[in-house]
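You will see chain A twice below: alongside chain B first, and alongside chain C after that.
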Partner chain A sequence: MLQIDSVSRSFAGVVALRDVSLTVAQGEVVGLIGPNGSGKTTLFNVITGLFPADHGRIRFNGRELSGLRPDQIVACGLARTFQTPRILHRMTVRENMVCAAYAGSPLVQRLGSCAQSRLDDLLRECGLDGRAHDLAKNLTLPEQRRLELVRTLVADPKLILLDEPAGGMTPAETKDKATLIRDLAAKGRTCIIIEHKIDMISSLCQRICVLNFGKVIADGTTVDVLRDEAVLEAYLGPQEAG
Partner chain B sequence: MDDHLIQVLSNIGMITFIALSAYVLLLTGEISFGQQAFFAISAYASGIATAMWGWSFWLGLLWGAGVAGFAAFLLAWPTLRMRGLYFAIGTLAFAEMVRLIFEVFHYQIEIDGEMVGPNGSEGFRGIRYIFENNISEFQYMMIIYALLASVLVFLFAIERTRVGAIFRMLGEDELLAEMQGVNRTYYKVMATVIAGLIAGIGGALFAHMNTYVEPKIFNVMLGVHSLAYGLIGGLGTALGPLIGVSLDIGLLESTRMFTGYRMVVFGGLVAILLIFRPRGLLDEEAVHAIRSAWRRKTPSTRQQSEIDAPD
Partner chain C sequence: MVDFVQNTLDGFFIGSSYALLAIGFTLIFGVMRRLNLSYGPSIMLGVFAGTMIYIQLEAGLVFVACATVLGAVLAGIYVERICFWAVGRGAVLASMVSSFAIWMQLEELVTIFFPERTYAFPPLGDFSLEFGPFFIRGAHLVMFLCAAVLTVLLHLLLYKTRFGLALRAVSENPLAAKFMGINTGLVVFSAFALASAIGGVAGFLIASADQQITPLFGLWATFKGLIAMTLGGMGSIPGAIAGGLLLGIIEAQSTWYLGAEYRDLVAYFVLFAFLVFRPGGLFGQRLATQNRLSMQRV
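Now for the complex of A and B:
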């Protein structure tokens, strides 16, 4: 579904991504981990067209994404969330959903009143139906993250990029969030998840890719990667890992 | 109706057009100090059409607004890559450029032994269509408010559609809008053109009411005021700029309560509002509170009272 071939990206001489290659198959839930500053979010930004890659190619369902605008990439069937939840604070929860429908999904626009009930269903599924008419800025952090996630579903994306979906959450909230993502995966959605909470990642992902200093240092099954010496060294330092 | 009152109300109506023009761009998150350029372009274009070419007022108004809309389209392209402060400076530079062009713009023809037409910094006198056709000041005021009501209805309608939602989305978080599939360029150009057209309607009305225009009228202060009106009245609804204009022209200028100190009071008012209500009196939160109260009062109108009604 997604093929990233030797993608590199630098910022004023600082290499953020170095020959990164990654393939994600339909229906896979892939974890993308790595220490802070390892290039995880930059990779998401390059995939979604916010930054062009200096070198390399990105293909999605056989279509070359390089050179496309972010909105064109989104129209191919990608959606993403952000490390700090990005919601429309001055709008209500439901207006956030309506904007998502208006912005990117011609299908939803054509559905008319059916689309309205679909938005209500989505809000109900993520437990935000009771807050539909509240201003989004008044939501708690977990609610904001839930809104951000459910909003991506409005356009019915084929691939969802989740950037630290449980960032700043308590263990109980993290568990709820994991359940929500597991439900998405069970419905056959393909996801790439950036997360520092290894328990969450290992419970959700069959496969993990590890970045360090912009380079892929491990890519394999969750069990294998979490035992990989290079990964332990990246996280714990050479002495602790040894 | 008292002549002074008619004049004040007419001024409020005409200036509201330029305030609404700045408001449309504010919705998309852009600050323009240059909406007076489209006001000026239309004032001259419509004046030329009626006073020199013998067109009817309505045709002249359409022509003026159209030329202003086209100028806005031309401005949109080079300024598209600019954001925030750079966009604001770009629009200011454009407006000053337009004003300076009118300072040296000479195009006059002889009509009934009198030279008529723009005469550089001397301005453009003799835009007398309204008086030659016996349209009273009261009737003209009614024309202004009929057009203003039409523009407000248009803006209310837009706010309930996809375009309005996307404008507000761009205004709140451009990056998020793009990441949800919004073509930023397309909608920013659309907003700039709509803003140009609205300012253009105001400009044409202004020229015909005053019978003459001169470049210095369209200076940067007109642009600053048009921007401030939206920020005072509020960005939550298209009524916000009307409230802002009414407060300034209706209260501060016309009552002469603060003679000599009007700008001090106006500046102070802007500063206080920017501190306590940075998005104006009728900001999104106030509009939401009004809507919620309305929804509680009349639950049956719930679906109709929201911007998210089906298309």
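Now for the complex of A and C:
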């Protein structure tokens, strides 16, 4: 479904991604982990068209993504969330959803009753139906994260990139979030998850890819990767890992 | 007291045209968070397009109005492509400086093709209303009505259409809008065209009321729009309306009580006082506070 071939990206001489290659098959839930500054979010930014790659190719369902704008990439069926939820604070929860529903559709098209009820269903599924008419800025952080996630679902994406979906959450909230993501995966959606909470990653992902200094240092099953010496060294340092 | 009320009425009606200029500025500032200094000159170019077909072809008022709006929109699009789209979203200073350069360019262009000091512009309506001791010029009344209708239409566009929803999304968080699938470049382009069309209507109304036009109109329109927007609160549409009306009233009162030569001086003094004591303007205090807090975080 997603093929990343030898992608590199530098910022003013600092290499953020170094020859990164990764393939994600349909239905997979892949964890993308690594120490701070290892290039995880940069990889998401390059995939979703926020920055162009200096070298390499990215293909999604056979379509070349290089050169496409973020909105065109969304239209291809690839959605993402951010570390800090990027929601529209001055709009209501429902307006956030409607905005996403309108995006990319023809100018004259109006939301039909079918689409309206789908938005209501999505809000209900993520537990935000009671807050549909509240301003998004009044939501709690977990609710804002849920809104951001459910908003991506409006466009019915095939692949969702989740950037620290449980960042800043309590253990109970993290558990709820993991359940929500598990439900998404059960419905056949492909996900790549950046997360520092290893418990959450190991409970959700069958496969983990590890980045360090912009380079892939491990890619394999969750059990194997979490025992990998290079991974332990990247996280804990050479002495503790040994 | 009669004089005071009459001046307030005059200022209110003239201020409605300033409100339109400020709305145009606000739309661009709201979406881009950048100042477009050549907003006034692009309106001026539209007004000269109107005056040209009035003088050369003796066109009627409707055609002159259409030519003015069309000219302003085309000039606005030119400004957007050169100053904002070409230099990229992050280049705040570069876009402002280049909009100043385009201002000079447009003014030179008009001066070359229209070498006379002033040109005639068709009048909007040669009637007046009197009620009791008070008097309203017909042109000012039409100006106010057009401004009111345009403001209502703009409100409907912003809050009842999907374009308005996209515009508000881009204005609030361009990055989020992009990843919601909105073509932010197209929205910005459309906002420029819309702001220029509103400016074109304002330019037509003002030139019709004055029945003449000079190449300095661009400078005048930029200053009036900018002052009105700042008084009302940068980025706020209700603020732009309030700021325009307030500026009109301040000018009318100062002209009457201090003399015409003090009119602009008083307006600039009030602007300065606002910038010192209420930098967020009448309606933009929250935005100013947010900006201040974000600067503290940096």
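Note that in this section the second predicted complex is superposed on the first by the 234 of 242 C-alpha atoms of A that agree within 3 Å, B and C clash if a C-alpha of one lies under 4 Å from a C-alpha of the other, contacts with A are read in each partner's own complex, and residues count from 1 in each chain.
Throughout what follows, a contact is a pair of C-beta atoms (placed from the backbone, for glycine too) under 8 Å apart; a residue touches a chain by one contact, two chains touch by 3 or more.
What you see is a predicted model; the values in this text were computed from it and never measured.
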Item checked: Fit or clash between chain C and chain B when superposed on chain A -> clash
Notebook entry, point to check: So, A:116: does it touch chain B (first), chain C (second), both, or neither?
Noted result: first
Next item on the list: Count the residues of chain A touched by chain B and by chain C, then name the partner with the higher count.
Entry: B
Check: Who does A:95 touch here: chain B (first), chain C (second), both, or neither?
Finding: both
Check: Thinking of the overlay built on chain A, is A:71 touched by chain B (first), by chain C (second), by both, or by neither?
Finding: both
Next item on the list: Could you say whether A:86 touches chain B, chain C, both of them, or neither, answering first, second, both or neither?
Entry: both
Next item on the list: Determine, under the contact definition given at the top, whether A:135 touches first (chain B), second (chain C), both, or neither.
Entry: first
Check: For A:199, is the partner it touches chain B (first), chain C (second), both, or none of the two (neither)?
Finding: neither
Notebook entry, point to check: Which chain A residues are contacted by chain C in one complex and by chain B in the other?
Noted result: 48, 50, 69-71, 74-75, 79-80, 82, 86-91, 95, 98-100, 102-104, 151, 155
Margin query: Under the definition above, what is the set of chain C residues touching chain A in their complex?
Written below: 162-163, 165-166, 168-169, 172-173, 175-185
Next item on the list: Within their complex, state which residues of chain B touch chain A.
Entry: 162, 165-166, 168-169, 172-173, 175-184, 279, 284-285, 288, 292, 295, 306-308, 310-311
Notebook entry, point to check: For chain A, which residues count as touching chain C in their complex?
Noted result: 48, 50, 69-71, 74-75, 79-80, 82, 86-91, 95, 98-100, 102-104, 107, 110, 151, 155
Checklist line | Interface residues, chain A side, partner chain B - complex | finding: 48, 50, 69-71, 74-75, 79-80, 82, 86-92, 94-95, 98-100, 102-105, 109, 112-113, 115-116, 133, 135, 151, 155
